[in-house]
Amino acid sequence: MIRITVWNENKHEQELDVVKKIYPEGIHGCIKDFLIREEDFEVHTATFYDEDHGLTEEVLSNTDVLIYWSHALQDQFSDEVAERIKRHVLSGMGLIALHSAHYSKMLRLLMGSTMTLKWKHDEEEKLWCLAPLHPIAKGIPECISIPEEEMYGEPFDIPKPDDVVFAGWFSNGYVFRSGCTFTRGKGKIFYFQPGHETNPTYHIPEIQRIIVNAVRFCNPEGIKRIMPQNKEVKG
Amino acid sequence: MIRITVWNENKHEQELDVVKKIYPEGIHGCIKDFLIREEDFEVHTATFYDEDHGLTEEVLSNTDVLIYWSHALQDQFSDEVAERIKRHVLSGMGLIALHSAHYSKMLRLLMGSTMTLKWKHDEEEKLWCLAPLHPIAKGIPECISIPEEEMYGEPFDIPKPDDVVFAGWFSNGYVFRSGCTFTRGKGKIFYFQPGHETNPTYHIPEIQRIIVNAVRFCNPEGIKRIMPQNKEVKG
Amino acid sequence: MIRITVWNENKHEQELDVVKKIYPEGIHGCIKDFLIREEDFEVHTATFYDEDHGLTEEVLSNTDVLIYWSHALQDQFSDEVAERIKRHVLSGMGLIALHSAHYSKMLRLLMGSTMTLKWKHDEEEKLWCLAPLHPIAKGIPECISIPEEEMYGEPFDIPKPDDVVFAGWFSNGYVFRSGCTFTRGKGKIFYFQPGHETNPTYHIPEIQRIIVNAVRFCNPEGIKRIMPQNKEVKG
Amino acid sequence: MIRITVWNENKHEQELDVVKKIYPEGIHGCIKDFLIREEDFEVHTATFYDEDHGLTEEVLSNTDVLIYWSHALQDQFSDEVAERIKRHVLSGMGLIALHSAHYSKMLRLLMGSTMTLKWKHDEEEKLWCLAPLHPIAKGIPECISIPEEEMYGEPFDIPKPDDVVFAGWFSNGYVFRSGCTFTRGKGKIFYFQPGHETNPTYHIPEIQRIIVNAVRFCNPEGIKRIMPQNKEVKG
């Protein structure tokens, strides 16, 4: 079994009718729903409002892949928990950072760059696959149409990705490296742009398929969960 | 001095009024005109119709950077001259391949992939800079608007580039890795998408600046022009 | 089933006692022997001396992954068959090029660079893993000791690899990017340096494991075997 | 002028005769001495023991390229100053991190990975150039012999480098990605392994040439020193 924790800030769902209507069980609930259809996925959820944000040492130790959506409360997120997530990724936990999590504390700690970008609500997106042979692109058409999404635009200040799997086209003239993989320590990371809270993007089957594929890609199968250390060689 | 040969097929300029009007001296003439403003550039031109396509052993031996535009006569281009260009690039000659030269014999020989893509005439393009610190992006704004260009779209079957410097957005919903660098042997290569013959793209100052920058980037300064060889190590 | 063709020049095995002794069934026979232990591998062999080198249109159409060892007869290899292999790789056939196949016609056609390097017989090698999370490194220790191998040394004139999975250390002071992945068209390629004919390298279990992993990595599972084409977009 | 700050911990030089003898003016003094031979270099030095480690807001604002050597006091280095350095790199200051600075706070903040490696004193090193066309390799021979250095060995837990310019071979059987470039925000970074305090490595002319080249490469010429920001697009 691949043990997945879907973490969601879960603020907008409490406060905005439009979001509540699209995601009545929260973004985390929606993602859990399509993940549990996979026979070998075991899915747990947690939110900002849980104690320790629901991301205790124990939870993370028992998580193979963390899926993470955050936005409005990024500044209020615990520094300690952000460092804890980083430590677990470096030790081998997979990480899928969704949409506005580009600017989460934990992802900025792992990337080292500013992770800044341009943004605008309510544009059409076409998501193009640039790396059709990548495991995350398996079974994905060369283009996915998203009727409405938040535009994210370049320059996107990211370190050199391992691979740019998807690029986004937006109706107002912008492009974006929308699906990028990174490695940090023993952890495999996928950043994926689509998923603004007021758009029903996580209900789109192809988007769900990408996230399922990304879970398999980031899963640390056969990786011993120990943080890399400096090591003196003798003799 | 950087010794540049601007090579152009020069067929459309002879046959189509619309092209003749935009490029009365041919695409090669236009490119030469803006290059010679640089004090350290020495510019020579050649076309398909010259003997040996104007790309003799002697011409290439005296070329630091070859700029190459081709389209309708790619199949008729001499296999021998295509191999000769490849050999000179591997020995250190810089190469800037423009627009439809993505499918030239010589570039496919150097890349090894099919270099295929999607295309459609007469779309608007916005050219975004993804690598603002790259030497080819020096002094270039983050976005260049091109009122009308030929759309080139992903998937673009290219080997992993050294860097993707520019990405193109097109009004009909496509994106493209429009400016990519590659290294082959001792040669530095820049592929640059804009420049359809019926659009006045090479008259745009920012596009000219990119080509000037690319000449400096691809120039094999201090590189000894000898083809790499297998070498046995003794002792 | 993954359908594998192991191709071997098979010249040294006929002529040199030292090679015959190490590989009585040929290098291809040895590789076949450890591959067929995998339940989902179906293994076929072919050699230089077979008609059309045993690599007919039909054979390649029914090959998911081609493993290829060549050396002394590279110049005599058919140009037509080399182009045929390239075409099948671009259409999705996986390729594992071993040792001196760095300089095979088909690999140089696919890479575009000179593929040249330094070499010297009879050195000790230590093969280090640089990308422990790569699928080809699964279950592989961080270092494999090879008591005697042919040294291959940098500069190795290769295009930018997708990933450098292994690096070789040699007792006479040289290093080498010994395990590199590339993508061309729909084909995944792994170049792997160890395997000189007078050294029993393909009998080492960890080396065998790497080749098994590479077969799985290069296998075009779910990829439709059609060569990418330029395509006009309408409307 | 390129304004350079050479920062050195300067602890070993105070305490160990062997270091004092090799670097009577400190490692920073030695580096300054060979840098100031370049007509367009303006060189300033600072050490751990200066107030704010000599790396105040004002000093960094007036530094184009920071060269940084650290080792024994990395844990005691101010968190605030480490964050300050990171901020200035993201805003465009170039950074050259030398040897044991792989494990400095500021570099780990910028890289996000653990930056761990293997190590052993007193081995012979051969430094091979893997990217002879890279600006940092200009005028550098394909191999530099270093009679004695501290061995650093793989696996080196670094993010995917922009380029691996040099690889180290060590007499005890290890290899290392010894010269790597990275981009973070507007800052260009070069990590360079040679330079253990008890070995006179910075007196080697080719090593000095690499550092001079790296200063030119990392210099943010024409880059406006403002931290990248998220930006809403209107209309």
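As written, the chains take the letters A, B, C and D, and residue 1 is the first residue of each chain.
By our rule, a residue touches a chain if its C-beta (ideal position, glycine included) is under 8 Å from a C-beta of that chain, and two chains touch if they have at least 3 such contacts.
Small disclaimer: the values here were computed from a predicted structure and weren't measured.
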| item | value |
| --- | --- |
| Chain hops separating subunit C from subunit B, counting only touching neighbours | 1 |
| Interchain centroid distance [CA atoms averaged], subunit A/subunit D, Å | 33 |
| For subunit A paired with subunit B, centre-to-centre distance based on mean C-alpha positions, whole Å | 38 |
| Residues of subunit B engaged with two or more neighbouring chains | 132, 153, 155, 162, 174, 183 |
| Overall pattern in which the protein chains touch one another (line/ring/star/complete/other) | complete |
| Subunit A-facing residues of subunit B, complex | 126, 128-130, 132, 142-143, 153-156, 164, 167-170, 173-175, 177 |
| Residue ranges of subunit A in contact with subunit D within the complex | 86, 90, 103, 109-114, 116-120, 151, 153, 155, 157, 159-162, 172, 174, 182-185, 227-234 |
| Residues of subunit A defined as touching subunit C within the complex | 132-133, 138-139, 162-163, 183, 186, 188, 220, 222-223 |
